[in-house]
Amino acid sequence: MPVALELLLYLVAAVLFVLGLKRLGSPLTARQGNRMSGVGMLLAIVVTLFDHGILGYQEIIVGMFIGSAVGFWMARSVKMTSMPQMVALLNGFGGGASLLVGGAEFLKAELAGVTPTIDIGITTQLSLLIGSVTLSGSLIAWAKLQEVMTGKPITFPLQKVINGGLFAAIVGLAAYQLIVPQQVLWPFYTVIALALVLGVLLVIPIGGADMPVVISLLNSYSGIAASMTGFVIHNNVLIIAGALVGSSGIILSQIMCKAMNRSLANVLFGAFGGDAGAIGKSSEGLTVRQVTVEDAAVQLGYAQLVIVVPGYGLAVAQAQHAVRELADLIERRGGEVKYAIHPVAGRMPGHMNVLLAEANVPYEKLCEMDQINDDFQRADVALVIGANDVVNPAARTDEGSPIYGMPILNADHAKSIIVMKRGMSAGFAGIENELFYNPKTAMLFGDAKKSLTSLVTEIKAL
Amino acid sequence: MEALVLSITLFVLATFLGVELIHRIPTTLHTPLMSGANAISGITIVGALVVAGGGFGWISWAFGVSAVVFAMMNVVGGYTVTDRMLEMFTKKPEAK
Amino acid sequence: MRIGVPAETRPHERRVALVPDGVAKLKKAGCDVLVQRGAGTAAYLTDADYEAAGATLVGTAAEALGADLVLKVQRPTAEEAGQLREGATLVSFLAPAGSADLLSALTGRKVTAFAMELVPRSTKAQSMDALSSQATIAGYKAVLIGADAMGRILPMLTTAAGTLAPAKVFVIGAGVAGLQAIATARRLGGMVSAFDVRSVVREQVQSLGATFVEVAAVEGEGQGGYAKELAEDQQARVVAGIGEHVKGQDLVITTAQIPGRPAPRLITAEAVRAMKPGSVVVDLAGESGGNCELTKFGEAVTVNGVTILSPVNLPAGVPLHSSQMYGRNVLTFVTHLLQDGALQIDLSDPITGPMCVTHAGELRTGKAA
Amino acid sequence: MRIGVPAETRPHERRVALVPDGVAKLKKAGCDVLVQRGAGTAAYLTDADYEAAGATLVGTAAEALGADLVLKVQRPTAEEAGQLREGATLVSFLAPAGSADLLSALTGRKVTAFAMELVPRSTKAQSMDALSSQATIAGYKAVLIGADAMGRILPMLTTAAGTLAPAKVFVIGAGVAGLQAIATARRLGGMVSAFDVRSVVREQVQSLGATFVEVAAVEGEGQGGYAKELAEDQQARVVAGIGEHVKGQDLVITTAQIPGRPAPRLITAEAVRAMKPGSVVVDLAGESGGNCELTKFGEAVTVNGVTILSPVNLPAGVPLHSSQMYGRNVLTFVTHLLQDGALQIDLSDPITGPMCVTHAGELRTGKAA
Amino acid sequence: MPVALELLLYLVAAVLFVLGLKRLGSPLTARQGNRMSGVGMLLAIVVTLFDHGILGYQEIIVGMFIGSAVGFWMARSVKMTSMPQMVALLNGFGGGASLLVGGAEFLKAELAGVTPTIDIGITTQLSLLIGSVTLSGSLIAWAKLQEVMTGKPITFPLQKVINGGLFAAIVGLAAYQLIVPQQVLWPFYTVIALALVLGVLLVIPIGGADMPVVISLLNSYSGIAASMTGFVIHNNVLIIAGALVGSSGIILSQIMCKAMNRSLANVLFGAFGGDAGAIGKSSEGLTVRQVTVEDAAVQLGYAQLVIVVPGYGLAVAQAQHAVRELADLIERRGGEVKYAIHPVAGRMPGHMNVLLAEANVPYEKLCEMDQINDDFQRADVALVIGANDVVNPAARTDEGSPIYGMPILNADHAKSIIVMKRGMSAGFAGIENELFYNPKTAMLFGDAKKSLTSLVTEIKAL
Amino acid sequence: MEALVLSITLFVLATFLGVELIHRIPTTLHTPLMSGANAISGITIVGALVVAGGGFGWISWAFGVSAVVFAMMNVVGGYTVTDRMLEMFTKKPEAK
């Protein structure tokens, strides 16, 4: 194959990566995008195989086959809930591959007795370093998520100092490697070993809840490692694809942090990743799950039936107009919205009627408890806005509770529940609400009006 | 040296492009997007193949072929897993 | 020039033709304003307020009626008419169609009389349009009265003691009063529907968030934005349609009028009997015969638990605000007539002309038919 | 078991203790329901409705009063009490604090009497809470009555005949009735402010879009969500603060009550005199002495153009809906007592116990003080 | 200067262009963005001067000086309203420069007797072609906007056929040029001449109102031309910067078309550009100015005082909640919003009060006519929503008009006026409204509720 | 030939970048953005300088120097005019 054609085909692959990555950003095109980028990858592999006449090497074909089979099997058998650790593991493999390629190139030059140019030297060292950190870091992330090791942050004294020292040592050794005469190989191996240790140390102080950010970051690293390998073996598709992943990964990590209302630095060095759930620890040690506005927006934007459960908090937030707007929007997208009005929601008889009438919610949409309680199980989302006691399952089960015996709205029967309130404080009856700790429940903390307004903006952007 | 600068140029342009490509992503897509990007980073397979096919004796063997295995796992596993995650988005067509 | 504002003498009339604010403006324009003591009391306007605004308080009606220009709300009684100065000017509601005696008395005294019901419905005359301003108050008040007489509340309430269904309110005739009734009933939480024979009104009803009921395909737009009388077959279809719709309603407010004609009969006795006990009909067209067959003007009739109210002079029930609006209407008209502190009556003027019913000893029948 | 529903005999009482819907439910639970002919008429519920729901219509009050369980709205007169069967059960408003004679008559006949005013304010008993349900209606109706009596309209209107300023409405005591009054006045377009001595109420007032007036820094939260009486200096500060704020108001609705105590005096005669003519005070606390110094229970007093209304039994003015709610309250309570079609009276129950004022020939003073 | 350094500095320039272009997209950073890209340009020029030791050539320096001086003078002296034609002119110069560079390279090779490689050949021809079209097309665009020639579309029979033929001829000649032996120069000159004619023919059928789109497109072409020149002289910064401008220009043209609710094809080949104003032709031949939602959003988003004039159309659209939301948003951004209520706005006394009370607009914000009429001159925007008669200046001046003498709201005294209505139909009084033809007035056509909702979305995105 | 492909690669990447850079632009910015992009297209000045400084006799003279003049007008005029247009956006700081 003429070199120009090869390069051109690589360019096509790179373009497919670009388009694929772009499409991955929207729910409607994501799947197609992933497939485009897959085609690009296939093209790059085929071109490489042809070009280097590699087809002859049986062992390579076998290796490819083994890798594919294992990868495919892992991907198919993993449970949906274990996706993040799966990605971590695969990412580690990618980092490992970069490490191996960089190492091979280094050893090849060493053995051939060639002194590589300074740029090749530097990029080789970078691909070793980054590849190793990615590999070991990803494995730790996997272990934390898989609960092979504790998900809690592991800290010890002087941790940052030690990490810094380690990093300095690696840089020093790598530099030394570049200037020492041939045949001195110990810095090479030491760099790899230290980098592997560094990867471990960087990830262990981060809590399990923050792992997705770390994985995304490590993914960015593995992109950069691939890019560095591209410099080493003078291959543009590696440079381009690696750089794409490198930068988009960092941006994605930042977006993820923003969604958690944290900074990237806080996630990486805060060493309190494990505390994130503290706000929602019940007395029995249960934790609540928080949801971001974007996430809630997707849930609501694609729901077929949404049942709104308004409570006193809706009135306090004066969010009646905002909820009406949200409902209109969902309906314009083809969903259905109903309001479940509990007889004692609010602080006076008919409180919710007064509010919703003000926002011109048609009376037909206001459903009495008896009328709607059976519909909850059909609902994709029960959207509980500033209500608490009226959806508290304790009324059904907990004989000691002051609200025992009060009929409640079956919000917990919905396929998923989003609860909007400002914090974890109790309602009028002053008791804790189990519903918030239900695995199906996601809490959207904040003033109800603000949350609703942001939701509207987000759904419009879907 | 000019070749290096050219490579750097490509690197810089691709970096900018990566930054610009990622915009307001709904949280539900964070994991699939991460996973999809991870699959792309499996491009190291090209490097692995080059090394494995380079014919440098044991280096090709030991380093190259294991790199190929690793990278292939990353590539195939990555794309498959992403596709599985994204299945759910094709269920309901958007009514507008 | 002296302007007189006597106290109203009609029973239950609590309005007054000019409020202190208007007195001040006329003073500024160079007129003397004579206000009869106690003229504003029923409208919660004290003599002190008038005095502060610059009025001269006079003890008797005769003094006020003896002014060059007399402002009133209700048409003068024979006695009052007798106290008007020869050649004076009178601005008041006059109900000219049914006041032949009064008009001849006024002609006899060469009074120039302007009927406030005859303000033309032109854009420029809108701020003199007393029918509109008083109808606004009437529409509001009709809902209050109806709501008060009902066995139920208007809004929907979901409470621990069960859910109270919202009341269904039906407004017939969506003119000025009807639209205000729609708005007020909607404010109180009723489910409001409305009907009118003029089809332009559909959009106006919807613009208030109520539904327009298509009881029958008719078109009754007449002149000047008013309705015209319907042909017999159309009328029959309307009555049938309304009868059907009225059944399920809790509060019905009727305002249908045709200028110069008796009010159309729209709700039959039969239709009332089909309504639920506890529902209420408020008929604002009672004075011209009523829109409901059972209406007795000024009385409350109860049939099968359905109450039919036909209140007299609703605006007088909100005396302060209705006086304020009427006073502003009169003031704008007087200002229109005034030039350098004196009246300049130009009967070719598109506003002045049609409003004038007697002048210089002659009856002007132009619009008074 | 036979349940009796007599017609109410108090003047102006238009409610009935059970509506047809409740009859049907009790029938299903295995009881016979005897309804006196015409018991529901004033509430627009016909005998036919009751019959259709399964009631047995009886001709005289004696028959209904002779049942095993008697449901009433107003406490029985001496005569009615005399017609109760020995050992029967009675559920009704009883005003136990001021009904020593009645209670002793009931004890004499070994009647088990439950007072609907004594439903505990627990979450579970909310659907039996007749005070709340009737206060809801009262709060709504108070605004209608007040609006009807005013010289002005509530909403702001900008019209060709000038702009009518919105009425300022002030609600004192933001309990159940007060909150409903706030909501209703806001619906009608008034500018609403409110005051209460319980500070938790501030947020509730604001949640209805009204402003909370800080007339004085006091805290009067008592037991069970009710207010307690204020210390003298606090009371004085409250009165002064209210007097100041009340001046500019067009409609004042007072609902301040302290259980078992006379209503606090909050508006002095002086404060009333400082108000504008045409404004209105509606005092819902009239029965327990009134929140306004000038209040005369059941009468309309006019001082300096300010009208002070103290309406009697407002809920009876919306008889259908108030009966519906009261009926539901009673029904829920009776259902609470019923087991397999018979009454099971367990005085250790947290709801049944406190509500029971006489049982087995004994006066239970637990909560009746 | 070492070549690598030179290339690196060119890269820095390219990065500055990228950042600059990005920043140009938001009002807050636009100016800074333009300056960044300017610095990039300076850098590119300086590097080139140094590298080629050009500093010695006096005439080049003089040429640069002349160009700079003329360009600066033109840019400073042009009136704000003539900006578009200025850009057209400058763009034409750019195209001309590309044409000259391509021509020079061609002649140089010819004279030196070198046969250029096929890629150089093709890109040279492309730079000639595109440069010429850009040059002549831009000049026509300038002439149309400057009203040197008619702004109306000029059409003649078979126009498209002729253009197509011309294009085919150019391609044919260019191809011929590539294969003919040396020293045959006539195809070269003919290509240039024909391309210049093509540029003219492409632009004349497009109406003056659509010129901005055309200019943006020609700008895109001049970018591509520069990029082609880069291929010819093997200069990466030219390739990159040219491609950036080329693609962003096309996207911008598309955005502009979308803002006018047209397709690019419609603009280029519709040959009815001149009809755009037809919808708003008054009987006296005046035209109205339409505004896009985005534009209105910027105006409102940065306004200090907005006076809303609601009318019957607000009620018909039931847009009371939407207007409240818009006002809230503007106020959150630090602006002030008041409502001017005309006594007879709507169809019943107090119609606007009823509506706005329903949306919970505080009474303090509702201003009577007398109270607010003097404030209009302070208002940055008078936002007229579905009102017509109550802002019709005919009431002040036109004695024959049925509304003569009615006091009106002085919306026309505001610094700018945005009118929302569905079309040009008259109000209750059935008469035309001069206000809509006021040069300060911009019409936002469409249902008031829809327009308001989109405005809210747009302002949030500012 | 490989150099050509590399140039094409740069061209393609830059094209994508250009597309991604332009997002929802308020209409008010259309003209300034167009003008700013136009200024960047003045990069032909580099080509013009190369030609003018190449020393090819009359070609450099006639074509090169006039290209320099044209391109410089485009560059200087373009940046200046854009800056003038953008002045108005710096007037009021955004209150948020």
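Read from first to last, the chains carry the letters A, B, C, D, E and F; within each, the first residue is number 1.
Note that a residue touches a chain if its C-beta (ideal position, glycine included) is under 8 Å from a C-beta of that chain, and two chains touch if they have at least 3 such contacts.
Nothing here was measured: the structure is a model prediction, and the numbers come from that model.
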Partner chains that chain C and chain F have in common = A, E
Suppose you hop from chain D to any chain it touches, then on again the same way; how many hops at least until you reach chain F?
-> 2
More contacting C-beta pairs: D-E or C-E? The answer is C-E
Averaging each chain's C-alpha atoms to get its centre, pick out the one most distant from chain A.
-> C
Where chain C and chain D touch, do the two copies share over half of their residue numbers, giving same, or under half, giving different?
-> same
Taking each chain's centre as the mean position of its Cα atoms, how many Å separate chain B from chain E?
-> 39
Taking each chain's centre as the mean position of its Cα atoms, how many Å separate chain E from chain F?
-> 17
With chain centres taken as the means of their Cα atoms, state the distance from chain B to chain F in Å.
-> 34
So, in whole Å, the Cα centroid of chain B is separated from that of chain D by 73
Mind pulling the residue numbers of chain F that touch at least two other chains?
-> 1, 4, 6, 9-10, 12-14, 16-17, 20-21, 23
Could you tell me which residues belong to chain A and also touch two or more other chains?
-> 14, 18, 22, 236, 240, 343-344, 349-350, 354, 357-358, 360
By residue number and range, which residues of chain C touch two or more other chains?
-> 126-127, 132-133, 136, 155, 157, 159-162, 164, 187, 189, 209
What topology does the chain touch graph have (line, ring, star, complete, other)?
-> other
If two chains touch, include that pair; go through all of them.
-> A-B, A-C, A-D, A-E, A-F, B-E, B-F, C-D, C-E, D-E, E-F
Hey, which residues of chain B end up touching chain F in the complex?
-> 6, 9-10, 13-14, 16-17, 20-21, 23
Footprint of chain C on chain A - complex, ascending | 341-345, 349-350, 352-354, 357, 360, 363, 366, 368
Of chain A, residues touching chain F in the complex | 2-4, 7-8, 11, 14-15, 18, 22, 236, 240
Spell out the part of chain D that touches chain A in their complex, as residue ranges.
-> 122-124, 126-127, 132-133, 136, 176, 179-180, 183, 187, 203-204, 206-209
Given the complex, residues on chain B that touch chain E span 1-2, 4-6, 8-9, 12-13, 16, 20
